[in-house]
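Here come two complexes built around subunit A, the first alongside subunit B, the second alongside subunit C.
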Partner chain A sequence: MIEVRLFATLRDGRGKVLQMDPAVISTAGDILQKLEIPAETVAILLINGFHSKPENPVQDGDVVSLFPPVGGG
Partner chain B sequence: MSGAYYEKIARINLTTGEIKTEQLDLDLAHKFIGGRGLGTKILYDEGVATVDPLSPENKLVYITGPMTGSNSPSSGRYMVVTKSPLTGMIACANSGGIWGAKLKFAGWDALIVEGVAPDWTYINIVDDKIELLDAREYLGVLSEEIDDRLKEKHGADASVLNIGPAGEKQVLLAAVMNDKDRAAGRSGTGAVMGSKKLKAIVVKATRKQLDIIADVEALKEANKNCLKIMSGNALTGEGLRALGTASLVNIINGIGALPTKNWQESYCPTADEFSGETLAEKYLVKPGACYHCPIACGRIIKHDDKVIGGPEYEPLWAYGSDCGNDDLYTINEANRLCNEYGLDAIGVPCTIAAAMELYQRGYIKEEDCGGVPLEWGSKEALTEWTKRMGDPQTELEWLMSSGSARLCEAYGHPEYSMSVKKQEIPAYDARAIQGIGINYATANCGAAHVRGYMIAPEVVGIPVQLDRTVTEEKAVWAKTFQDLTSVIDSMGTCLFTSFALGAPEYASLLNAATGTAWTPEELLEIGDRIFNIERMFNKAAGMKPEDDRLPKRLLEEPISNGPSKGMVNKLSVTLPQYYEARGWVNAFPTDETLKKLGLDECVGK
Partner chain C sequence: MEERYIRNLGALTEEECAALRGKRVFVAGCGGLGGYLIEMLLRIGVGSIRAADGDAFEASNLNRQLLSAPTLLGEKKAAAAAERAAAVNPEVRFEAVEEFVTEENARSLVRGCDAVLDALDNIPSRRILAQACADEGIPLVHGAICGWVAQAAVFMPGDGLLDTIYPEGVNLGSKASLSFTPPFCAAMQTALCVRLLTGRPVETGKLYYADLLTMDFESVR
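Let's look at the complex of A and B:
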């Protein structure tokens, strides 16, 4: 399975952590589409902790984290 | 008087009680802008670098910038500039709230406080009138109560800056507090106030806004443009208002850069328990804003039966994963105690984390702990040891209140102090984020994230997304961020505006307010000058090239868990590149660099 972790406002109505079937997902962009998350609302997309883009491939066992704009220390 | 400066500095000698009004040197003000830059220049010229930081010879400069109190966005900052007793180098602790703006409204660009009072004193300022009053009744009182009582005495429209019990006892991690929950937190500025028997500074002003602007129409236009950019920016427009700086907990953990158990690990599986999301869900009452700030990153939270200022990202991390704790209520309480005792909410929990590692390894014994063992994640240890560090009695309490460097040195294991120049490192693991390591190693105030916030490009993607794992070009980025930050701090503007604004916007604000005509490039050169005068202060104070360093753990112990497992910081690659970019040799500017920056007075020093 692919683990999708959602943060901040992206959790609204979707939950915190979702498991998705790798058979129907080939890129991070597919996840956004399935969850009806407009790409422009995602400021940071991590695959296994590394900054990635919607076109990057994902596979079974990956952890995908999606953040709206966050920052400031 | 000319734009944005009232051209007045009060020099207050606490030994003699003499209060003098001095004319601000306007050329110098333009050359160093104000705030951090001008404050450091004043102390450098007055020979403060070589004095004992806790002696009467040290000086405290409370200084605003030209934008402080203006109607520009996020322009309420003031700085406490002094020689730090924690680092032995320059300290410039920066704070928001309303106090700095009120100091400016009262007509003062800066206060220079010298000497030591015969007995505990506070300064009362009402416009151009300054008096010294008896502060003995406030001894031992917690910071918020002092604020309430002084407001009761001087009026609700007064703004109060004070030190809690920690500053009184000259604890090296003592902060200067203002407006209850705002702190000029780092480098032990509160201890310097304590050493002068100065308990508080109360300010009242008839003026409600900075009213000497060089070009009112131009500033109106610049403000409009900046506000438009800021409101359209996802972070300054809504992101920081929604979750505050606390939003960083999950992203920094997500990339495997959230130091855990004194940096023995860098990923915390339960970080969401103390994240911005959970803080908002369980405790947030509303966002809080400093003077004239549209960002409103502050957290106003419900805590027991009170509504108080809540924790920023730094204490959430430091009292959270760094101490092996994920209980958010405990973090809120410990953060409250830092505000009440007047303590650095980064330095204190990071020192507790170092003590917990010394305990884990058997160097600190259970019998030394006064009934509260320093066990990872112990809620009681976090709150009780914070109180003890704010009002130390035993030898261990005193050691811990002096910071992790002195603590770990005393136990013969300096390698467990995660500090640079004896100041604790903030919440981003520099093994997983290469560029921030350059900033930690070289910041003149000791380890700091807010002197060159490389997290913006390396993690958050502002202004562009850099690869956090590589060293290429990071030296030049770090230098540029440090220079721009020096400008923003000196203007009296909040650094958070820089998530949206750049050098051209800052030039437009400053030029309109002060009547200067700096280009963005010239402004960055002023930033470079400010960074270099700080470095020359440190050189005079005895800084050595080896002080630009990172703890061994970051250089030699690969990250042990999480997404960034196996990484180390490559400072040996980036530091020479950084020195080259700065025009420095062996950590200090060459004479040629000093001349180029107009620092001829430092040549040959």
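Let's look at the complex of A and C:
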């Protein structure tokens, strides 16, 4: 399974940690699509702790973390 | 050692306190983050502070901005910062600039500083500030807030990490901010800044991310 960890407002209506079937996911972007998360609402996308982009591949056992932008002052 | 700094001792050495007195920092913004940053830098005894903000107070600032007050609505935030500095620690050389950070003034605002603190509220201004710090070779102590969430990091000149946490096209959503999020973020930034200014080890390029709703604390490299 692919573990997806969501942070802050991205958890709203989705939960904190999700397990997703690698058979239907090939990239991080597929995860965003399945969870109906618009790409522009994700600032930091980590695959196994490394900064990544939606087009990067993911596979069974990967941990994907998604953080929304935080930009106020 | 002046009595007003006695309680710094034990956590900082006398030499570190003296070092802080010899440092100059720039605070970009005198709003939610900036007000608390200025307060903390004044009280710990950073010798010279320049702070810039072209904005004036409005009623929606009152839920969180330390420098704001009902009697100051319509007044310039930078002017309020100067008044606070004179009241809290008149020994600090404090320069208030009633201007927003722009491409035209950014380099001159940061020039000569030992560290720059990001208290801005939008991504385009942060990119301008980061570029000015890169051009002048000055470390940037980033901070940002949204709702219950605060993040802070130290960026070294030209490391480009601001573009990693704010990729092109990313869209800031909510403008929500609570009374406790700015001081929490400012505390992280001031601690990182004091470590930088006193020569203590600082992990650069590491983003500290705190969700005060769930008390989840993450660090991202």
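The criterion applied here is as follows: the second predicted complex is superposed on the first by the 69 of 73 C-alpha atoms of A that agree within 3 Å, B and C clash if a C-alpha of one lies under 4 Å from a C-alpha of the other, contacts with A are read in each partner's own complex, and residues count from 1 in each chain.
Methods note: a residue touches a chain if its C-beta (ideal position, glycine included) is under 8 Å from a C-beta of that chain, and two chains touch if they have at least 3 such contacts.
A quick note: this is a predicted structure, and the numbers were derived from the prediction, not measured.
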Once chain A of both complexes is superposed, is A:K34 in touch with subunit B (first), subunit C (second), both, or neither?
neither
Answer with first, second, both or neither: which of subunit B and subunit C does A:N48 touch in the superposed model?
first
With the two complexes superposed on chain A, say which partner A:F7 touches: subunit B (first), subunit C (second), both, or neither.
both
Using the superposition on chain A described above, determine whether A:F67 touches subunit B (first), subunit C (second), both, or neither.
both
Those residues of subunit A which subunit B touches in one complex and subunit C touches in the other
7-9, 16, 43-44, 46, 49, 51, 65, 67-73
Quick one: which bits of subunit A touch subunit B in the complex? Just the residue numbers, please.
5, 7-9, 11, 16, 43-44, 46, 48-51, 65, 67-73
As the complex stands, subunit C meets subunit A at residues 29, 31-34, 118-123, 126, 143-151, 164-167, 169-175, 177, 182, 207, 209, 211, 213-214, 216, 218, 220-221
Considering only the defined contacts, which subunit A positions touch subunit C in the complex?
7-9, 16, 39-44, 46, 49, 51, 53, 65, 67-73
Subunit A contact footprint on subunit B (complex, rising order)
234-235, 238-240, 242-245, 247-248, 250-251, 254-256, 272, 275-277, 297, 313-314, 426-428, 449-450, 453, 455-456, 459-462, 465, 467-469, 496, 499, 562-564
